[in-house]
Amino acid sequence: MKLLSVRSISKRFGGLKAVDNVSFDVPQGAIKALIGPNGAGKTTLFNLLSGFLRPDRGSVVFDGAEVLGLMPHQIAARGMARTFQQTRLFPKMTVLDNILVGRHLHSRGGFVSCMLHLPFLRKEESRARETCREILEFLGLSGQADEEAVRLPYGQQRIVELGRALACDPRILLLDEPAAGLNIRETVKIGKLISRIRERNVTVLLVEHDMSLVMDISDDIVVLSYGQKIAEDKPASIQQDPEVIQVYLGEGDA
Amino acid sequence: MRKQGLQIAGFATVVAAIQLVTSLTGNVYHLTQLTMSAYYSLVVLGLCILTGYAGQISIGHAGFFAIGGYLSALLTTHDLSAHGGLIVSGLAAMGILTRRPDLYGGDLLTVHPWPACIFAVLTAVAIAFAIGGPVLKLKGHYLAMATLGFGIIVYRIVLGTELVGSADGIYNVPAFPLLPGIVVSGKSSLRVMNYYVAWGFVILGMVFLLNLVRSRVGRALASIHGAEDAAEAMGIPTARYKLKIFVVSAAFAAVSGVLLTHYNGGIGPSESSVMKSVRYLAIVAIGGMANLWGTLLMSLLLNYLSLRGYFGTYDDAVFGGILILIMLFAPDGLLRRQLFEELRAAVFPAGGEKET
Amino acid sequence: MNLDLFLQYMVAGVTYGTIYGIVAVGFNMIYNATGIINFAQGEFVMLGGMTAVTLGRFLPLPAAILGAVLITMIVGALLEILFIRWLHRPSVLRMIVITIGLSILIREGALHIWGESVRALPYFTGTSVTSIRLGGVYISPQVLWVVGIGAVVVAILAGFFRYTLLGMQMRACAANRDAARLCGISAKNMVTFSFMLSAGIGALGGCIVSPITYVQYDSGVPLAIKGFTVAILGGLGNSLASAGAGMLLGILESLSISVLPAAYKDVISVAILLGILFVRPSGLFGSVEEARLKEF
């Protein structure tokens, strides 16, 4: 069943067509990758899907409902979580606290309740912490729980951000270049994590430049170039697609 | 939680100790400035949460203080005897109005302080709700200017409106009977009681704010301050939360305004001036932007010194200077946790062992 | 309201509008060079007027004005060098608070030097009661000085930025600091220079308008607010638009007196400021995209 349906999405900035009439589906339980040379519009597309930008045209149907025009926090509440191309961890907060923020959607307690420190809050908090510790364990970061998140090595920071998005209990996870800035070992690790995320019943849509990672873990690949979709197929076929090759390597290269 | 309880208990002890000391040394009149410091601290605490935790700067908070204070003052001093009519009689029947003697032996029909206070604070909150939405969409300089503008509008309105006394302000504001036996008033016989009432309010406010900061909502606010986009992406309704914290801080300022006005027996336009707003900000800055206790202690100290006149004619300059120095050299405030760590590391270099 | 009264209001509006425009130009200059809004801008105007009055005691008027402008320019440079130059990538909040603090200190300094008294330079030509008749309106010749000098300043600035090497260097710095530095332009000096220029222009404005509006130690703050309003109205960074926007605000404010009590005059400009900020922060002439890009 199609968890996410993107139809004819377009966005232009002044004279530039950042995203031009792009359509594709993401079936539930799949890992789908979005690739393309720099400037192809991939991050813009993510921003459009997650509500940070409003498209000029098109529709985005998530879990059977149109999400176009909703605020990002509303889309997150519906089950779409995302990470960012440049890590946006919360400074001055520990790893555990960062991930706890991800549990915000699944815990109760508003301004008044919190100011009065009503009894039910204690249980909510310990439930949330329990879940986060479990996530930390899944990520292999249990030992770093109380470190200041932004002081971790970059590779671990990216994993924390992944964990934070996971804490939202999403149906679909949008990962924006999860392997950016990672070395080979870290990339492999993240790839394994993403595969195991699928086992938790979370669908994954990722933007990525690292071809080895993409080819390794994705079921399906969508290729963008200059804002347009130029191919959508299984990894093996994409590798052979002449147009894709041309877009990446230029003309006249065997 | 236990740690917080200890902190509160410790502070309460300090408050009581100060009062006892003044009694013993016969300096009871100091209590007046300390009481006023307490009320000003309420504003500062609200501002601390807004600026330090939620990261929204406001240089117009004196405006909310003034709205609270002026409305309460107006309602409790404006004589309604002359106005006949249904509304007045209706209000009187509901017990909202009181009759009391005025200075000249005549009779005044005014609103009782309790409904006046509630009305004043609710109005301030409503205004905060109304302007908070558009104001908080702004960032950086624009936000600062907008809040500054708000403060100036309030100042100009109270300065130029005869109904609220123009440049003279409103005086002869009656005492505020909070509960049977507990009255907010400037009478010297009630000095000790009022001291404890004022600091009681501060402690109550601290409890609320500390609870908030250490809660799920506090975490959300900190995340908004840290990386607003990411917070939004995690499902936190950032705009709504910013508005709510803005309203909370405005409520603190308004309550402070009401109480201090009844304590002082009056209010003047200077309470809504830009300098007052700047002062509040300076205290938050020096106390440590995200440090409630640090801000409270600084507020106690600086307000007391200022009210006792220690800064003389350089009062405004002192606060301006503080702002600059802090921002230049210690943008995270003086009493930040890191400073203690650094000091501790300097004195005890390696894991607790003293240098021999 | 008859035509003559209306025209009188217009004249007052244009006069004040010129000053607001001058303050706005000062804001823009510093903003363009540094991205900082200088909350102390109004104080430069005040300093110029007050210093000129003091110098005017023993110097002829033109020399007093020149002296005041030079002194204020030095103050502007000192401000930048002492408080801003050595900051490394300060956050917006820090800069706002620092310039607010600076404006307070300058104000307090002025209070202690000159007290609370209100000062004014003598009218450049004639006296406070001389008036020229233009059409149905009586204007003081000072108004012509104000508008005239204001226009000359704007013109000279435009020429300076477009045609002189220094002007172009400053523009380069404002547009892309790193690129300018790669071209050998000293960004830090450009910033100091923009402060100096901004202070000087403000001071000049203070001098020419003081016979009409008088200056006092706290004249700076309302001017800063209104100058900022005008700068935003015209689109932050756009000096030419500021001139037009200044006129607009001056006239609106002036006309508002006919409907509202005079005590609320300042409320008008602040209300306009809030209105613009809420509705269209890029101003009348600015581009919405650009306003968003010049990120804080």
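Letters A, B and C mark the chains as written, and numbering starts fresh at 1 in each.
In the analysis below, a residue touches a chain if its C-beta (ideal position, glycine included) is under 8 Å from a C-beta of that chain, and two chains touch if they have at least 3 such contacts.
The model shown is predicted, which means the values in this text are computed figures rather than measured ones.
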(message) Measuring between Cα centroids, which chain is at the maximum distance from chain C?
(response) A
(message) I'd like the most central chain, judged by C-alpha centroids against the all-protein C-alpha centroid.
(response) B
(message) How many angstrom lie between the centres of chain B and chain C, each centre taken as the mean Cα position?
(response) 34
(message) How many angstrom lie between the centres of chain A and chain B, each centre taken as the mean Cα position?
(response) 43
(request) Report the inter-chain centroid distance for chain A and chain C in whole angstrom, where each centroid is the mean of the CA atoms. (result) 48
(request) Could you tell me which residues belong to chain C and also touch two or more other chains? (result) none
(request) Write out the stretch or stretches of chain A touching chain B in their complex. (result) 50, 52, 71-73, 76-77, 81-82, 84, 88-93, 97, 100-102, 104-105, 107, 109-111, 114-117, 121, 124-125, 128, 164-165, 168
(request) Please name which positions on chain C make contact with chain B in the complex. (result) 37, 83, 87, 91-94, 96-98, 100-105, 107-109, 111-112, 221, 225, 228, 232, 261, 263-264, 266-267, 270-271, 273-274, 277-278, 281, 296
(message) Quick check on the complex: what are the chain B residues that touch chain C?
(response) 57, 59, 131, 134-135, 137-142, 144-146, 148-150, 152-153, 156-157, 159-161, 166, 274-275, 278, 281-282, 285, 313-314, 316-317, 319-324, 327-328, 331
(message) With touch defined as at the start, can you tell me which chain B residues reach chain A in the complex?
(response) 1, 208-209, 211-212, 215-220, 222-223, 226-227, 229-239, 244-245, 248, 290
